[in-house]
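One structure below.
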Amino acid sequence: MDFTITDELADVRDEAVRWVAEHVDPEWADIQHRSGDYHTPELHQLLARDGWLGAGWPAEYGGRDRSPAQAAAIHQEIAALGIHEDGWSTTDMVCKTLLHVGTEEQKQRYISKALAGETVIVLGYTEPDSGSDVAAAKCRAERDGEDWVIHGQKMFTSTAHMATHVFLLTRTDFEAPKHAGLTLFMVPLDAPGVEIQPTHTVGGQRTNTTFYSEVRVPDDARIGEPGHGWDVMGVALVYERGGGGAGRTGPSLTDRVAGWCRGQITPEGTSLFDDPTVQQRLARIAIESEVARLLGLRVGWVAGQGGMPGVEGSMAKLYGSEAKQRHYSAMQDILGAEAVLTHGSPGAPLAGEVDTAFRYAIVGTIYGGTSEIQREIVAQRRLGLPRSRPKS
Amino acid sequence: MDFTITDELADVRDEAVRWVAEHVDPEWADIQHRSGDYHTPELHQLLARDGWLGAGWPAEYGGRDRSPAQAAAIHQEIAALGIHEDGWSTTDMVCKTLLHVGTEEQKQRYISKALAGETVIVLGYTEPDSGSDVAAAKCRAERDGEDWVIHGQKMFTSTAHMATHVFLLTRTDFEAPKHAGLTLFMVPLDAPGVEIQPTHTVGGQRTNTTFYSEVRVPDDARIGEPGHGWDVMGVALVYERGGGGAGRTGPSLTDRVAGWCRGQITPEGTSLFDDPTVQQRLARIAIESEVARLLGLRVGWVAGQGGMPGVEGSMAKLYGSEAKQRHYSAMQDILGAEAVLTHGSPGAPLAGEVDTAFRYAIVGTIYGGTSEIQREIVAQRRLGLPRSRPKS
Amino acid sequence: MDLSFTAEQEALREAFASLFAHTAGTDVVRAAEPLGFDEKVWDQLVRTGAPAMAVPEGLGGGGAGFVDLIVVAQELGKRLAPAPLVEAVVATNLIAEAAPGGPLLQGLVDQDRVATLALQPVASGTARLVPAGAVAEVLIALDGDELVAFERPAGARPHVPSPPNLGASPIADWSLDGPDLQRTVLAGGAEARRLHHRARAEWQLLMAAALDGLRSAALDIGVEYVKSRWAFGVPIGWFQAIQHRLADVATAGEGAQLLLYEAAWARDTGGADADRLAAMAFLYQSELAQLTTRESLQFHGGYGYTLEYDIQLYFRRAKAWPLALGDPARLACELARDLFAPES
Amino acid sequence: MDLSFTAEQEALREAFASLFAHTAGTDVVRAAEPLGFDEKVWDQLVRTGAPAMAVPEGLGGGGAGFVDLIVVAQELGKRLAPAPLVEAVVATNLIAEAAPGGPLLQGLVDQDRVATLALQPVASGTARLVPAGAVAEVLIALDGDELVAFERPAGARPHVPSPPNLGASPIADWSLDGPDLQRTVLAGGAEARRLHHRARAEWQLLMAAALDGLRSAALDIGVEYVKSRWAFGVPIGWFQAIQHRLADVATAGEGAQLLLYEAAWARDTGGADADRLAAMAFLYQSELAQLTTRESLQFHGGYGYTLEYDIQLYFRRAKAWPLALGDPARLACELARDLFAPES
């Protein structure tokens, strides 16, 4: 038993900090916050130029002779500034999937351009009528000679308006059982018939609804065999979940709320932190946050042991996302009337960070598999309870 | 809108108090607590003798010229002493059912003896393999000439060891759909082939498992038509739920816990009640108790308006029973280490009442339809959501 | 006990339900963000006499009781109508009691001026984050030992900048030293504190009603959604986990509503418990509004997170509206002391 | 990070799982009520050296660490074994540190005497509701400024009457003025407080482990029950509401277990956080043990309420065991001050 968290990136952290200090404009965090675009093309280009996107990839697909550890450290430093790299994370995930299931020609074509920063790939899985039931996708791809012709609509295609390709889940067989008629394509977003409409969210991010009307792609844009889309997605999903590594840690939001309370003087003349109801809530948040952290670390540990941390990932995601919602709501109560002030409001406690976290946490129990889906996974795979879905 | 609770029994309360003072031994509460028998035959006989069991019933079935209001007030006074009348409540319920569905001869036979205190009737619905799914009963009754022969087993036949009859749910048709093959019988508990075994509970009550082996009853012990048992039970169930009336109210357990806290001095030299975490919990208990009280009162109000408070009854039962479990558990925390001391332990805070309430509350979310069943009723009848049970 | 509304109250509900349906659709609610105020909705309310509806008829008001008021506030809450009726009613009632003959009341009864109440005492010359503070011309605040009405000249709203906030409410700070504010003392000493405490209890009661409307509308939205949204071959309302969680919030919600009604009735009948019941109703509705909107949003899946769907409008306000009074734990402690250890 | 146990620890688990399976079936647990002590189980534990297993080998103990200890405590908790091992280990460790050379320790290492700890300071000459107080010969208590060992002559257990209680635990008051008690001062002043505080943290850690065992066993019982119990034509574990609630307690339970392991590891490695982590693990395991046993009991339907089924044994202890330390809210506040506003 050992809970020491070794910083595997310790050796390269200084260099990463230097690169980031030199190239990254901290203002980008604010720009992302205001625009809702969680992708900064300028940053993406810089990372590509200096070879950080290609770090650790095979040279034959455009990989660069750069230390993957240092690349990881750079991404951590960027995240620590509050700058998102949503465009890179979906691109990275799709490229990893291609490594497993793509043809040699596809790997050459797509991966090298992605690592060079020339293409950005986003995900097109969810549809208006299929959320948790991803396999119910109706977006249709029909064979037409050497091509495929695609019709349909996707929801939550985040970063699509700044990307070049969408990794698109389609149905190519309407006769086959639900999970057996799916096929994935790499569709250029500038293809005729593609339309992108913005969707704005409570957390401030922009996402998109994408429409596909007689969109024609050649057969070599097909990823994996026709009808094997479910398995291809399975490969990709492994990369979507996964636990948090060590990362950079500073004082947690809980620490900062506690600090804020220590500095507030109540009408009775005592520190707000002296209120036992405040203490009790902070203790609970601290405990549950530690539990969430440990469940997350376990995912990485199981993976490191060569295991497939499926249920562990579901547990970490379920617990962590639900806990966060409770925590930020309790923090707002503690902050009191001023808690409603958003980022940028004058006098907002902790610069509105709790409000931002509260808004952002809403989606945590939904995206990447809702809490209800995670509970089902835990019940069935961990506890061995019977499948309770209706047959369909 | 009017929340005045008029004590409809105000006029007769003094007389009731006098009758109870003269005839009821307060020790019976302790005796019940120790023995787990929630029926005191001596009391039952006294009530019968003085006509209180027959109050309000038609004279032709043994009803007596006694004020039903005063009878109700007497039962309330008895309850206020902590004395249960489980034997009477099941007898009363079955007799009311007989009034609706019994033959004239059955009403004459069963009701008059019950009101005279000569018979005590208990319920035999639940089986080892049928809890929430009452209609899955397998206890078998087969026609044999003029008689029926019964084989089977029932669980939770409370008071059976002190009663004369059981109102027994049987299956008379194994071919019919589940709900259409049931029939009820009035079975004498001293009939050959009946066996009664005690089952003890966490709350201290004794209940029973009853066994029926070749128990023979004449056809006139059958209540309702063969195969119509589900409807007959429906009549009875209306009497089982129902909201609390005004009743006698003294200081609530919450009040007494608060009072106890006011009297406790913490190591810091302040009153335990001054602890805001105590205050916060007591406030929550007070609020939820008031909500539970109002949901209960509403049941009576709807019924008084001529409505059938089915969903309202489910809501009151669901909310109240779940809230009580939370409340007693929180009270135990507030009482601290001494909270574990049971009724009768030296130094038990509030004479162990919180412990008693905590134990008793466990069953509240189970008996008379589990919380899960109540939620289903609310979801389907109030919210109009589809039936989600598997077909069976 | 009687849980029914009078025919007049039913008519009142109909009338305001219809008024809000016509003036305050969710398009209007969205368009009114971030300020959270729509001049047209407010004008309509003024025309019905709603802000002064509880002022005695002899003073030009409607002479209504609190059961009537909560009916209106529930309907407002259901539509999230962007108009500070709760604050206006409370402030107007207060002025009608403290200064029944003055021009202050006349200005509120006849005109479209907005009056509001500072829920917390003034500190350092500022009334912090006053609800409806950005659009109000009249503010009543407890300033030291005095209950004071501050009036500002009329002008285009917002009069005072409103900081961006979660509930898109026209909250704002009032700096009370400015030369343009007319200061009228309404009461002093114990009377000032009593009046402010009562007004704060009335605000809790009406806010509880608004939250009840919000809560019940959010439940309806959720129930409708799970009936119409299909997954795995069934409407998602088929799933038992969803059913049970909706049943729980529906059950607690009906109980919370009864508590609200009891609190309003107690206020109307001068019950000794009226303030306590108002606090209880407020605390419980706050909590349930948050839980109900959260569940409803969750069952919307990804859509719940988009600005396009209405449920987020409800979700944000369920958290933000009650926070105007500060940390609910402090109020709960106050309530417990009041219930179990009253200062005699 | 390494979440695995050593082969020795796995063997230890096996050994104690087997010991408890053979000596402490639920028939034994039932028979030991209401006292909550079984002489045979205790003898077996003494024979394995468990009470002194964390005492340094040089002092005749087993030299084990806390990760080893929690393995044993988990197995004890799973079986609800009626033996005060948690208290005995904590008291023995304390004596080993404070009085390593004395006869007191020798008596504990070699014999079947039970030692225990008063979790609260002595008040009015009485140690109130001492865990294992009814069966212990040695009590360590903080008496004013001194940490004192009180010894009573051996004799038939219980030595001190145990009041009937929810958890059927051998709790008892010790009146400390009696002439038959031998009083040995172990430490005074700051050292006394430090030692007592540490012992109390160790008790929390080992109790958290016992609760973890209790909790996980109760979950297993519930899961097995809902798989085997049929209703409406399916095992009741088919119902989604049951699945989701069990998934929630299973998930939180695995997290709580990780927290327990981290706390034990921190104790073994001298981590500065060790006391805080012990409190965290204790508070969280307490809460989850209650929730898990409650859910499991609920899904038993009427059977859950009968003394016949085992789940009630777990349910009662889940509430009673942690209450020995008093109101968890007070401990939570203590923890928060320790975490966020440490006295420097």
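Quick notes on this one:
Labels A, B, C and D are assigned to the chains in the order they are written; within every chain, residues are numbered from 1.
Operating definition for what follows: a residue touches a chain if its C-beta (ideal position, glycine included) is under 8 Å from a C-beta of that chain, and two chains touch if they have at least 3 such contacts.
Model, not experiment: these values are computed from the prediction.
The interface with the greater count of contacting C-beta pairs, when B-C is set against A-B, is B-C.
Chain centres here are C-alpha means, and the one lying farthest from chain A is B.
A straight line joining the Cα centres of chain B and chain D is 38 Å long.
Separating the centre of chain A from that of chain B, both taken as means of CA atoms, is a distance of 53 Å.
Within chain C, residues 234, 238-244, 329, 332-333 each touch two or more of the remaining chains.
In chain A, the residues that touch at least two other chains are 275-278, 280, 372, 375, 388.
Interface residues of chain C facing chain A in the complex, by the touch rule stated above, are 119-121, 128-129, 163-167, 169, 171, 230-234, 238-242, 290, 294, 297-298, 301-308, 312, 315-316, 319-320, 323-330, 332-333.
Put simply, chain B touches chain C in their complex at residues 1-6, 254-255, 258-259, 262, 273, 276, 278-280, 282-284, 286-288, 290-292, 294-295, 297-298, 300-301, 315, 318-319, 372, 374-376, 378-380, 382-386, 388.
The touching residues of chain D, when paired with chain A in their complex, are 1-5, 9, 67, 223, 226-227, 234-235, 237-240, 242-244, 246-248, 250-252, 254-256, 258-259, 261-262, 264-266, 277, 280, 283-284, 329, 332-333, 335-337, 339-341. Residues 239-241, 243-244 of chain D touch chain C in their complex. Within the complex formed with chain A, the chain B residues making contact are 275-277, 280.
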